[in-house]
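Multiple structures are listed underneath, in structure tokens.
Each of the two complexes below includes subunit A, the first together with subunit B, the second together with subunit C.
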Partner chain A sequence: MSEFRRDRVSGRWVIIAPERAARPTDFPVERRYGVGGFCPFCEGHEDKTPPEVAALRNDSHQANRPGWRVRVVANRFPALRPDSPIEIVGDPACRGMTGFGVHEVIIESPRHILSLNEMDDAGVTDVLRIYQQRLASVRQDSRFLYGMIFKNVGSAAGATVEHSHSQMIGMPVVPEAVRTEVRHARQFNEAAGVCLFCNIIDREVAKGERVIHVGRHCIAIAPYASRFPFETWILPTRHMPHFDDHPAEALGDIALALRTVLNRLDQALETPAYNYLIHTSPLGEKSADYFHWHIEIIPCITKVAGFEWGTGCYINPVLPESAAAFLREASKLGRSASGGRVMSSS
Partner chain B sequence: MTIILVVEDDPNQCLLYANEIRGAGYDVVTAHDGREALELVEKARPDLVVMDVSMPGIDGIEAMSRMLARDHKLPIILNTAYATYRESFRSWSADAYVVKSSDLTELKNTIKKVLESRSRPAAPAGA
Partner chain C sequence: MSEFRRDRVSGRWVIIAPERAARPTDFPVERRYGVGGFCPFCEGHEDKTPPEVAALRNDSHQANRPGWRVRVVANRFPALRPDSPIEIVGDPACRGMTGFGVHEVIIESPRHILSLNEMDDAGVTDVLRIYQQRLASVRQDSRFLYGMIFKNVGSAAGATVEHSHSQMIGMPVVPEAVRTEVRHARQFNEAAGVCLFCNIIDREVAKGERVIHVGRHCIAIAPYASRFPFETWILPTRHMPHFDDHPAEALGDIALALRTVLNRLDQALETPAYNYLIHTSPLGEKSADYFHWHIEIIPCITKVAGFEWGTGCYINPVLPESAAAFLREASKLGRSASGGRVMSSS
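So, the complex of A and B:
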């Protein structure tokens, strides 16, 4: 039996229409795979990228030379440019803006790995730390209103190079998807007097059926109105609007949760292509009382097609409760399909 | 003399590029697909490759990737009718990206610039 569910954060309707499959993973999955060849992101090939804007290094190795753990470079062919003026273009009927912004690429490892979960927890913590640095850098500049960190893994997820990397686009506008989340969070806060996301965490922990992982500083859940099969959100249990403000001592636990979820998705879906993104508070927003940063992880399983484009409403063939149960069970199955060790401690 | 390998699947364009680049004072060898280019890069030992991207079989980005896996110092210019291949991070491996035009001045200037930059001592990191 299918049912409509409404996501309280986005306001989006989802149709949950479970298939009569033996297992929730019994459908074709867009997998990620390596093809090899020369990689411009590998250590030793620093001359193939624009000069780095930030890096984490083990010692005093020179910039743009080997010896880095995480490296950030400007996109060689950026969607937005920091040297562009900020000017309104067009007329009142077709209003636009010049393409000001920053577009950075975060190269997550000097090794040629295909997914973040092939790194250890310290490596993933480094990546989260540099995400914070890059968001903080655009937040200091009042011309930027939003910084979006996102990751594409596998060609089906939009990745054009297999070496594990993320991107940050800093913009002088707040994207509509984020604006809508902020509005719903504010409305909930005004009505209920508590943070919408904190309320979701409390309810999910109490109910338990959509919980995938519980850490010391965060929780991973299959959202009640998941748009996609095995969609997973990681929410910090401490209320914090801006990701870059999150205390450093919690990053290791959040890295563990991220790696755990990705390992379990690999186990359950045999190394799917996936995207993740960080929704953090708009940079200039005084949203301390009501917004709550979080990570959304989306394995590439179903296609967005005519119905979804036309309605903004998604059809999800996997019950989120089944997905969560399957991912909880994945922790007991041992080694993942990618060869990574599935976390047994959680 | 400096040898340029031109990789281009359209025979007329290939002839045009070869003639123009020869006219600029270089030796030219040509290949009509990625596989032939991979063979020729071993035999002819070019100093620079001008690589089309959209080709049947092994495309230009894949051929470039395989060439650089063997010799990552080989200068390669991607020469394509499409600007959209810039969106692929694999295109970063190229020394330059030229969008095809009937006027080959930009391509010839880029060949000169890339060869000059390779003949100079490496600039300090980050410069």
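So, the complex of A and C:
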């Protein structure tokens, strides 16, 4: 039997309809694959990208030369531009604003890899560290109200370059999805006196059935009202509104969780295309203490169709409890991203 | 230069970034195509579907036999079921509800066509008439709070059967996207004393630059803050909250507009996969007089990626004014869906 579930964070209804798929992986998965060809993101091709705005390097090599571990450049086709004014446009009824912002590309490895989990934990930790640095850079500038880190892997997930990379868009508005999460977090906090996300963590760990991975500093769960099959959230166990404030000593464990989840999705779904994104607190909102940053990972499986566009409500053919059990089991098969305590299947 | 635009109906921000595409059609379009094979929706195969719940027939032929023009059956893989109880499930913190509802398939033609615009105006009018009948059927039953009519054409748009069909899901909740539109319509009405949608129609017709088609009973526009390239809305000029209350004499003209827009999208984008959906007033809300039903048509072009999932904000590489001009011009090329006054390009 199907059921409606309401996500406490976004307020979204989903319809969990497991009868529409016989087994948890019984549907077409959009896969990622490499087609090769010249890659502007590979080490040695630094002159084929806009100049770097940041990098992590092993030694004192020069900027825009080989020798980097992670490299950040401006997006060649930016959605927003830092040289744009910030002005109202359009007539009063049609609210608009010039496209001020930044749009950066974070090249995660000098090697031509297709997904973040082809790196070791130290490599993924470097990526998280540079995410923090880029978010901190927009947070310093009061013109920005939000910085969104996101990642598209595979053309089905919207990637146009196959070399593993993430993006950051810094913008002068707080996007609607974040505003909604912040509102629900505030309402819960006012009513219950505790953080909504801390509450979710406690409940999920106690219950266990939707837990995929428990690390020292974070957990990975299939959210109760997952929009998509195998949607996974990584939540830091320490309450922290801003991702870039998270203590450095936890990043290695969070990197391990991210790599573990991506490895298990690869095993369960055979290298799916995927997106992930970091929800962090809006910038400059000191009052958003009740927010709790987290990572949302979305493998590309079910198509978004007319019903979803019209309702904002998603039909998910996989029970989140089944997806979590499947991903816990995945760790026992084939190549494993070991480390981190794995919950036993209940 | 890109710009932010905020949609007055949904509240959504979009980033219109025309620099990311050189021309309005300069991006990969997901196309629809037929692969053939046995089709359970074709005339003569009535025994291959669940029994019909409604049909339009030319004469007194029996149910579940050939002789129909439009036929409605239960979805074989329903997201929701009418025989489900309506009960709270899950624990208090995780709000859920059993999957009560209806999920119907509207088979639009006895012939094996792939898109609605392969029919004439009379055929499309039949489809609109049966949409009204199906919405009226759930509206009579107080357990339903919403009826969503939607259509997926092409596998990229989520269709699993290629024979042209629509679907209706009747549900015991008002979905979030509709609730949000209703709230904005109410707020505008309270502040301005007129209907938000009537106001949009007046402004767009006066301005002209985003108008695609003007009929006797409706207009088609590229919305100011289009999420997607070539997104098109059809708005009836007569204010009517519920689609199923719309007077029968206007349906032919609305069918013409729908067919005209789909024909032009086919010309401009070479038979794209697409979705459309009807936003009608929530059921049983007598106070929703300020709502104004409309059709939203979304061709499958840009991928929804990490940024959109994280922000709820869409990056659209085509200026809506350019899309509208392109679709107006499309009427002058090749096979034309004539009728309806076409605005001249400004």
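A few remarks follow.
One rule holds in what follows: the second predicted complex is superposed on the first by the 328 of 346 C-alpha atoms of A that agree within 3 Å, B and C clash if a C-alpha of one lies under 4 Å from a C-alpha of the other, contacts with A are read in each partner's own complex, and residues count from 1 in each chain.
We adopt the following convention: contacts are C-beta pairs under 8 Å (C-beta built on N, C-alpha and C of every residue); 3 or more make two chains touch, one makes a residue touch a chain.
Just so we're clear, the structure is a prediction, and the values are computed from it rather than from any experiment.
Touch criterion met: A:E52 reaches subunit B, while subunit C stays clear of it. Within the superposed three-chain model, A:V105 lies in touch with subunit B and out of touch with subunit C [touch as defined at top].
When the two structures are aligned on the shared chain, A:A63 is found in touch with subunit B, with no touch to subunit C. In the superposition on chain A, contact of A:V161 is made with subunit B only, not with subunit C. Within the superposed three-chain model, A:L283 lies out of touch with both subunit B and subunit C [touch as defined at top]. Within the superposed three-chain model, A:L80 lies in touch with subunit C and out of touch with subunit B [touch as defined at top]. When both complexes are overlaid on chain A, the residue A:F41 reaches subunit B alone and has no touch with subunit C.
In the superposed model, A:I298 makes contact with subunit C only, not with subunit B. Applying the stated touch rule to the two superposed structures, the overlap between the subunit B and subunit C interfaces on subunit A comprises residues 77. Of all residues in subunit B, those touching subunit A in their complex are 62, 64-69, 72, 86-93, 97, 122, 125-127. Touching subunit B in their complex are the following residues of subunit A: 36-41, 45-49, 51-52, 62-65, 76-77, 105, 160-161, 165. Here subunit C touches subunit A in the complex through residues 1-6, 8, 11-13, 15-17, 19-20, 77-81, 84, 89-90, 93-99, 146, 148, 150-152, 155-159, 167, 169, 172-173, 175-178, 180, 199, 203, 224-225, 275-279, 296, 298, 302-307, 309-313, 315, going by the rule given at the top.
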